[in-house]
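We just call them A, B, C and D in the order they show up, numbering each chain from 1.
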Amino acid sequence: MSQTLPAAIPASVFERCADAIADAARELSAMGWTPATSSNFSMRVDAGHAAITVSGRHKGRLGRGDIMLIDLDGHAVGTDARPSAETALHTQIYRRWPEMNVVLHTHSRVQSVASRLFAADGVIRLQGWELQKAIAGYHTHESVLEIPVFPNTQHMPELVARVDAWLDAGKPLHAYLIDGHGIYTWGRDMAETQRHLEALEFLLGCELDLKRLRAS
Amino acid sequence: MSQTLPAAIPASVFERCADAIADAARELSAMGWTPATSSNFSMRVDAGHAAITVSGRHKGRLGRGDIMLIDLDGHAVGTDARPSAETALHTQIYRRWPEMNVVLHTHSRVQSVASRLFAADGVIRLQGWELQKAIAGYHTHESVLEIPVFPNTQHMPELVARVDAWLDAGKPLHAYLIDGHGIYTWGRDMAETQRHLEALEFLLGCELDLKRLRAS
Amino acid sequence: MSQTLPAAIPASVFERCADAIADAARELSAMGWTPATSSNFSMRVDAGHAAITVSGRHKGRLGRGDIMLIDLDGHAVGTDARPSAETALHTQIYRRWPEMNVVLHTHSRVQSVASRLFAADGVIRLQGWELQKAIAGYHTHESVLEIPVFPNTQHMPELVARVDAWLDAGKPLHAYLIDGHGIYTWGRDMAETQRHLEALEFLLGCELDLKRLRAS
Amino acid sequence: MSQTLPAAIPASVFERCADAIADAARELSAMGWTPATSSNFSMRVDAGHAAITVSGRHKGRLGRGDIMLIDLDGHAVGTDARPSAETALHTQIYRRWPEMNVVLHTHSRVQSVASRLFAADGVIRLQGWELQKAIAGYHTHESVLEIPVFPNTQHMPELVARVDAWLDAGKPLHAYLIDGHGIYTWGRDMAETQRHLEALEFLLGCELDLKRLRAS
């Protein structure tokens, strides 16, 4: 893949983003959260651009050539590569929140199963877990953390509209699940976003375990 | 093991296949999908031959000497080594589909348990999972992906006949389970076949989890 | 982070403690028991001081600069770094038992789920497991090992008081869980404390599995 | 630890055994089957001696100094080291079967939970699993593989007597579980014994999964 950068973006800036994405992807792949070339990851490059994973690559073996530049309308910039179909869900975050700089979408077994199980409710409510404090802005296990579960669709604008509708209703949003699919979460930098993702995977896993055990 | 190659097969071609098999086997073994020397893997070498794992070897430590040449009737070619008892299930794929070049058979706990659980139904129907799209030809989670579960037998021709019967009935087939045993899947190259295998392991695991949780 | 040591503590002594904590933390992180920067670890340096992890760091990548000195009232000594909010639970152990030299607090999924499940009982009673013998002072599987589950709170003095009340009632205590949170355990040296932690994680996991299976 | 060898045992022979034990132990520890310094492993050195793990060591980090020589009455030979309390269960195998050269005892969560669950039955009957064929002498999934579950005791002669009673009743024995504890299995060499252990862990795990799912 050949990537030509706009004059305003130094190669070193793009490469730093690409390397951060590849490093995180390698860790998430090793956890088994990116099966069968699923998942996609992005990082804001500047006010109008982001670096994002090219569609269909093995997430445990990304190199710089597997990361491409897009603008915030989701169009490829300076490359013929095809961005992930779900690019619109990444750019939506960057457009709405200038302070958000990283979006991670993974596809673990816990995430997929939880999304199916809570799809009818449309939301998973987490409460009473100390690890809720790993989400930016949460300071006690007594808070309630709501993760919406949106219906899956192959038509991205529908999903974008559902996210917008949730936010326009004034509800806090730190992550969402898509039914039968995976999770999206974001943060101000890679460390915060990985912390969010790890905490959410942990909390969803705990909820599933507890549900099974309480039924016993 | 000594392997003599027919004149029409350059050593470099056989070795490339053997190395690709050994590399994939190492990864699959590290996932725990090849317990106790189970599982077998093959790759087409040319129109009339395939490379396949010698029976009974530890799949995490295969070298070139653990891969042998067979013809598409399943006979050893240029070696005294014994091919796996299940060689006939590999050659059946290569004979029916000239475009298929890799067959992977693994034996994970999820695969074995799912096969027992759905043996009476004779089939597992997958629907509503985004990861169905990892199977070649599937473009939406709304499709139905059917994985047949055939009764186990130590007599391979019976299994070959069951696979033929399924195909002759005009039903699509991308993989099958054998009861109390494991999975067979295939593809045009190693990357596609590994993607199929990873997706199927993931989907079967999700189905088992969901079944447990919905009963809760 | 800059750490100035009191004259009575040679740098080599502090560094030995810091390295032992970082090594153990790397192992515990690799097991997945420290998700999303949770967990904290400490080691006694002398009669009046301990080394403890700085709050909020990734436990798989601790260096010497991520470990700080505190006195046994939980105050930072010779550094501006912020000790973990839960420091008081570490110093309580060092003050009560001069022979205890290491405290490990982790946050595995098994620990969190078990704590929620047994919170109403206030205790988990382990009996009939050979691995109870891994806890110092236990010599047979016929003994009963009680692990209290204390309610979670963001106000540490409440937790300190609950631990004190348990001990003042004359009950043996080798570890405790906090509801929706994780486990605390301790020992005379790092090897004993890691053995305690491994055994407790194993035993809690077995209890959860058995509960699910006995309901089947 | 200092180990003096009898004149009839060359250092190279003892060291080969010790290294094989340490290598296998490292692999089994990495699987999580030897928690909290549990488990013990041995290999026959000659007709009257075996090498066995010294009690209480971390099984992921064994060196030659953590393996000692015993005679087939279980007495230390040429060392002050203390053999494992369960040495009598190893020597019993070597005394009864001259063709058996390796004994592995591990303590996985699956093994401990299965032993508790089937303790009242006194036996686990495995049937219908292809992987039964990994046990020496089994050639079809239609065979029945019986694994007895003996009551736990801290008094080893009781366990030795139970094993003898099973064998004296003429029943086949390839492995046994001890209630709340772990598994013992053996074989003609290390590769066969590891294959037995891997297959048994897999089969017990499948049985537990299936029991949970069939109740769903």
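Keep in mind that, in the parts below, a contact is a pair of C-beta atoms (placed from the backbone, for glycine too) under 8 Å apart; a residue touches a chain by one contact, two chains touch by 3 or more.
Worth saying up front: this structure is predicted, and the values here are computed from it rather than measured.
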Those chains which touch subunit C and also touch subunit A: none
Where subunit A and subunit D overlap in contact partners, by chain label: B, C
Self-contact between copies subunit A and subunit B, residue sets same or different by half: different
Centroid comparison with subunit A (C-alpha atoms), farthest chain: D
Angle of rotation relating subunit C to subunit D [CA atoms, steps of 5 degrees]: 90
Rounded Å distance, subunit B centre to subunit D centre (Cα mean): 33
Inter-centroid spacing, subunit C versus subunit B (mean Cα positions, whole Å): 46
Residue list for subunit C, restricted to those that touch at least two other chains: 212, 214-215
Contacting chain pairs - touch in the sense defined above: A-B, A-C, B-D, C-D
Subunit A to subunit C touching residues, read off their complex: 128-131, 134, 139-141, 191, 195-196, 198-199, 201-202, 205-206, 209-210, 212-216
Touch list for subunit C against partner subunit A, complex: 35-38, 58, 107, 109, 112-113, 116-117, 152, 154, 178-182, 208, 211-212, 214-215
